[in-house]
Amino acid sequence: MKLVTAFIQPHALNDVKQELYRNEIYKMSVTNALGCGQQMGYHESYRGVDIEVNLLKKIRLDIAVNEDYVKSTIDAIIEGARSGEIGDGKIFVTPIEECIRIRNGETGRMAIG
Amino acid sequence: MKIKRIIFLAAAGFLCTGTAVFADDIDTAEALALYSDAFDMIWLVLAAALVFFMQAGFAMVEIGLTRAKNAGNIIMKNLMDFSVGAVAFWAVGWALMYGATRGGFIGSDQFFIIGANAATLRDWMFQVVFAATAATIVSGAMAERTKFTSYLIYSVVISAVIYPISGHWIWSGVGWLGNLGFHDFAGSTVVHSVGGWAALAGSIMLGAREGKYVEVDGKKVSKAIPGHNMPLAALGVFILWFGWYGFNCGSTLSGTDLGIAGVAVTTTLAASTGAIGAMITSWIQFGKPDPSMSLNGALAGLVGITAGCGVVSSTGALIIGLVAGVLVVLSVEFIDKVLMIDDPVGAVSVHGVCGVWGTIAVGIFALPGNGMAGTGLLYGGGAAQLGIQALGSLSVMSWVLATTFILFYVIKKTVGLRVDSKEELEGLDASEHGMESYSGFQIFSNM
Amino acid sequence: MKIKRIIFLAAAGFLCTGTAVFADDIDTAEALALYSDAFDMIWLVLAAALVFFMQAGFAMVEIGLTRAKNAGNIIMKNLMDFSVGAVAFWAVGWALMYGATRGGFIGSDQFFIIGANAATLRDWMFQVVFAATAATIVSGAMAERTKFTSYLIYSVVISAVIYPISGHWIWSGVGWLGNLGFHDFAGSTVVHSVGGWAALAGSIMLGAREGKYVEVDGKKVSKAIPGHNMPLAALGVFILWFGWYGFNCGSTLSGTDLGIAGVAVTTTLAASTGAIGAMITSWIQFGKPDPSMSLNGALAGLVGITAGCGVVSSTGALIIGLVAGVLVVLSVEFIDKVLMIDDPVGAVSVHGVCGVWGTIAVGIFALPGNGMAGTGLLYGGGAAQLGIQALGSLSVMSWVLATTFILFYVIKKTVGLRVDSKEELEGLDASEHGMESYSGFQIFSNM
Amino acid sequence: MKIKRIIFLAAAGFLCTGTAVFADDIDTAEALALYSDAFDMIWLVLAAALVFFMQAGFAMVEIGLTRAKNAGNIIMKNLMDFSVGAVAFWAVGWALMYGATRGGFIGSDQFFIIGANAATLRDWMFQVVFAATAATIVSGAMAERTKFTSYLIYSVVISAVIYPISGHWIWSGVGWLGNLGFHDFAGSTVVHSVGGWAALAGSIMLGAREGKYVEVDGKKVSKAIPGHNMPLAALGVFILWFGWYGFNCGSTLSGTDLGIAGVAVTTTLAASTGAIGAMITSWIQFGKPDPSMSLNGALAGLVGITAGCGVVSSTGALIIGLVAGVLVVLSVEFIDKVLMIDDPVGAVSVHGVCGVWGTIAVGIFALPGNGMAGTGLLYGGGAAQLGIQALGSLSVMSWVLATTFILFYVIKKTVGLRVDSKEELEGLDASEHGMESYSGFQIFSNM
Amino acid sequence: MKLVTAFIQPHALNDVKQELYRNEIYKMSVTNALGCGQQMGYHESYRGVDIEVNLLKKIRLDIAVNEDYVKSTIDAIIEGARSGEIGDGKIFVTPIEECIRIRNGETGRMAIG
Amino acid sequence: MKLVTAFIQPHALNDVKQELYRNEIYKMSVTNALGCGQQMGYHESYRGVDIEVNLLKKIRLDIAVNEDYVKSTIDAIIEGARSGEIGDGKIFVTPIEECIRIRNGETGRMAIG
């Protein structure tokens, strides 16, 4: 089992969800995040004083999947989130050793979906 | 300040030594005349202050019903439409509205309110806040996508030209509609419809916000873009309702008019049934009583009663408000789902549609012998007044739609009316003003 | 509107041509009578508008002191209790309160304010906002768990029946309590206690919010459920204080009453010492000066001075306010920790307890020769007035507790009083209204 | 309450039976004298209520322009400076300001407003809200780092001593500055400058907030600490503007003064051009129209017109406001970036700098024959009035700076002026009041 | 060392914390999250327009523990969070390679607790 | 590739960022978190009722780096966040199996930076 974690542009969330659904991936967790990357940020000002905003709004997606779903999950995220511009984000894949469904104690491959 | 102390010594004098001083100093008739003026003065200035405060109400309603990322822009629009509008109404607007008439169509002198005496200053003060109300209505309908510079241009033009001219027709005492017997006590048409129709033209010319109407299975459907702060929206409605006592009651224009109480009562009851009507309608239509619709309903009732608040009975007011409350929900749905025009706060329905309803309602519910308008249909007055009311509504609607479409068209072709899609996504606070309205708050936004 | 222009030409006339016109047209005595009416008219209508604005204050205080997930529901309750209450007070309430008396216990005519002249309309306007104040007090105590439909029913009954009947006893001029000499200038008992005791009955019948009282080591302890928006709560208190100038000063019922200033001064000072008293008490009790308690303290001072604002000295007002401020903190603690009754905003303490205190205080602090109430204990007036005040407080308390317990019991057994536990957890905004009040804001809630 | 009913039966009487009753009962001259008093009474009490409401405006502006973690502390400061200030002004302040003069420098009787009649009570009511305005201005400049106890001490002293003494010089009718012909209609100097200079002394003595000025490459630079709630800041400005109609118009001190309209008009126009001026200046300086600066601009215009609102033309008002709007932006920048004094809300610039500008402006723009001040420079009046205005501004500035520096120095050396760095980091809500203002909201803060 | 990450119902947090404390697990990090799973979401409406809310409020718990604590941590979470209804949530276990206490630079098993 | 996850004091963020930049680590994601640890919390009160606040405000940093950067990342975080007082926080290192740049599909070591 793998955990696919993606940082994407907030406005891409709907499209990404759509793509995931199309690939029959229905479960995920979403968190608000701030990101700092190649997309350098921008400048605001407040009462005449410049503010450098280099933590940009991002959305973090965590999707736990079985091995055979990893590729389609990644592809779906890319499909939904890619605009080709800097700031589109990153996907990280990490190993999961165990997964438990709290409701009924199911574990492993059964629990993940 | 010397004068302060002196006046107040004199006043103290009255309280202690009684009458003698007074009777000797001032002639009774003069005193009575002064008092009559004083009544009108304090009444209209206080009423004007209340109407001014409605600007805060509009700002809060509009902020509440839109997204956090545009709140600062809405603040700027509401602050600046009053500010530039007041200067415009001072320089030009008042003259076109209350200057010497040209054939009942347009005023022509008193630019820069030159030569104004105390009475004119008082009336200007009371009128400028009405002009600003008309102007600011539009801001909500055009929220979340309009270029700030374009909005400034629009503000000047409506306060200087569009509002005053139709106002002249009705409120100048010598306008063609007024002469026909058209009755609009406090401005269902003169103020609210003008704002409402300008809002309609604006939102059509702008187009919908990104993400408002999306293709789903080949069909365009309306999506909700929820407002971010209901408490502020509610506060705004309470402020508006509060200010409306200045708006309607002040429109007696006289502090010694004993009709003030009647106006206050009809205003209160219509607002109440407006809220009730909208609540019930939303309950039936959507399954649950909807807060933002009920809030709109109160405003709808207020707009509805504004034209007739001085000539209808309390029962009449209850019905006018109730109908306005129902109407506003149906109208919001129709405009959103059928016409697919994107009006984030329901300004067209509240001010345009209910403004017309209120104007028409005068022709139906006006009491016999009210001294201001012909008797309404229900009281056996026939359709005469109703016809005039309809004609007036229609004329003003045509005038406003025509001029604002031209105005927005010209703006669109020159400076541009709308921010680009990237700026809209980012929010106008960042793109137009380089700031954030809720610095530090974690806001989840994917639209 | 023709009349606008005409009146204002006439007014301009006064300013320019002076006296002559006037003296010829209107007889002096007539003018003086008209002016007297005009004073009362503009005074009471403006005061009524200020009192109306207190609705916004209540809404903001209640929103601020409860959780974000119920904010929309509170908005609906505050909007609708005024709206349905106004209609109910128009149809029935006014008649029971000010109609021809049946033995000093209940009024019996003027339903639908039929036959109202300008003076009656004016008085209705001023009274309806008081009725709405009493009704809305309850909303805070019953917040976060009451079924919306049930709340609507309650609103109608209190505005139509419960409030007007005890009001009749005291303010109708022919009521049994008034006849005994009971003095309640602006409504510590008539308005605030009525609201406060209804709030008590309501919160007892409802039971506490989930998670408010929990077993810890076999003992029930009170847990804090912090309000989500202190700035709005503070704004609400400032709005209430502002509106209170209409509430108390307007209760002279006459715009030519020079006692207005005294009322304004006592009101200001009592509110100030109320805030100070609560701040100090909370500082002593909890180690830090507590903002929400200090805000409650200002309201407590205001409620406390409401009965006696016209008959006590400024020093009297300072003491009444200070005691109210101390009392409110102790009472909140007692109700919460000892009685274990869950009143999220402290409505019972502020309006019920301090309402009684203020009423009693008249019997202690009333100045000799005040022209309205018997001299207070402190000024050698003996216990006579004090006794009457106590009797009045008690009678109204009994009346309200009895009727509201029955009312809430009937509601509970029929439509049900409380949402179910899942709905409460989810929040009433979602369950009762299908919406969110702060769309997009990330809110951390585990209660 | 019996009297209620009786008065209103009488009133109803007038409406029905007309004149006869009246003419018999009250002598005309007496009635006229009473009415004159009644005008002043209702006018000043309503104006005082409006000015009181400005407290809400200040609170909202200051909350909005600072960080969420200090909102509750700001609420407490604003609530308590009014509360303790009112008691102080009752006990001592009024006496020093309006008591029998000692050489035009200080009043000396009427402590505890002993012996006050209706007129004095009315005037006290109107004056106490002005005193509170001066006091509360400081709160914003000292926000986010001041010890609460120290702030309470400061509040008492400014309301009891500092404000009343310079007020005596100008407004007592017998003060040395007033005698010289210094003109400050509604308090650009008496109220706003006093607050502004005290704010300056306070922020200097306190030092900047942590993180406001940081070394970057060996150079101290100013960092932005963004306010957390622009909608509340905007609401605050609208409330202030609304209240200002009471502040300026009420300063006629007479309800029969037909100059009220002129005051309302100049106030409106100056606020408008203030907002416009600040918007344009910020646009030029920072590239984008800045909302918080534009809001400050409206206030700057209001402060600027306050001294001269009764003696300048509408054109004069437009210019005064515009200059104030430009000035406030430049001044905020100068104080922040050059002087490196940390004033989170711009109180020194808005109230201090624009207060001086408004005072001076009287000497430039006062119309000939205005009946209150000498003719201004622009209308050929020479520099006489200008000189007096400058002298007055300077004197008050010296007085306030001297006394407040001493005051804050003494506080600093005794109870301490500032919370410690850990408490500041944590936020004053937690450290000073043990609470959170936005319980549940996820707030991202790294300062 | 393992990282136990759980997505639970917000109102279960107090109970879960109680259970963890009872098992002598005192350290954890909590984040606001939105979840999409079997619990399908619900419908709201805004001004008459239907909104499908399928991102439900959840709380994310991250608890780093030594191997011998993994089971008791999982059991405690289940104990506190299980209601038996859909939406109770999931637990994921992932490996941690290193753990450092910032305060004193301690690492590994010592640092985790 | 490793994921370095740190929970730090909110006010340390600026310093940590500064240190990371100095070590040429420019990419990271930041999330709001609440932490429960040795730093026991504090007491607030609301309307006279005591509230025990044991979830303290923390900031979560996620930084994906190549193996050779792990040490400098950790050192930079410690440098920026250490005050020596309880509550300074923790750093956890977990393995990443894959990393993808959404914009152009780059993977692995190339994508991470």
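Letters are used for the chains, namely A, B, C, D, E and F, taken in the order the chains are written, and counting of residues starts over at 1 for each.
One rule holds for everything that comes next: a contact is a pair of C-beta atoms (placed from the backbone, for glycine too) under 8 Å apart; a residue touches a chain by one contact, two chains touch by 3 or more.
Model, not experiment: these values are computed from the prediction.
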| item | value |
| --- | --- |
| Shared interface partners, meaning chains that touch chain C and chain D | B, F |
| Third chains touching both chain E and chain D | A, B, C, F |
| Length of the line joining the C-alpha centres of chain A and chain E, rounded to whole Å | 18 |
| Length of the line joining the C-alpha centres of chain B and chain E, rounded to whole Å | 51 |
| Centre-to-centre distance between chain B and chain A (centres being mean Cα positions), rounded to whole Å | 46 |
| Residues of chain D engaged with two or more neighbouring chains | 15, 28, 32, 35, 37, 42, 46, 118-119, 226-227, 229, 235, 258, 286-288, 290, 292, 434-436, 439, 441-445 |
| Junction residues of chain F - those touching two or more other chains | 31-32, 34, 45-46, 94-95 |
| Touch relationships between chains, expressed as pairs | A-B, A-D, A-E, A-F, B-C, B-D, B-E, C-D, C-E, C-F, D-F, E-F |
| Of chain B, residues touching chain C in the complex | 15, 27-30, 32-37, 39-40, 42-43, 46, 50, 67-68, 117-120, 123, 170-174, 178, 183-185, 226-231, 234-235, 237-239, 241-242, 245-246, 249, 251, 253-262, 264-265, 268-269, 271-273, 275-276, 279, 286-292, 294-295, 298, 314-315, 318, 371-372, 441-445 |
| Chain A residues touching chain D - in the complex, by the definition given at the top | 32, 34, 45-51 |
| Chain C residues touching chain F - in the complex, by the definition given at the top | 222-227, 282, 285-288, 290, 292-293, 329, 332-333, 336-337, 346, 442, 444 |
| List of chain F residues in touch with chain E within their complex | 2, 6-8, 31-38, 55, 58, 60, 74, 77-78, 81-95 |
| Residue numbers on chain A that touch chain E, as the complex places them | 3, 17, 26-32, 64, 94-105, 111-112 |
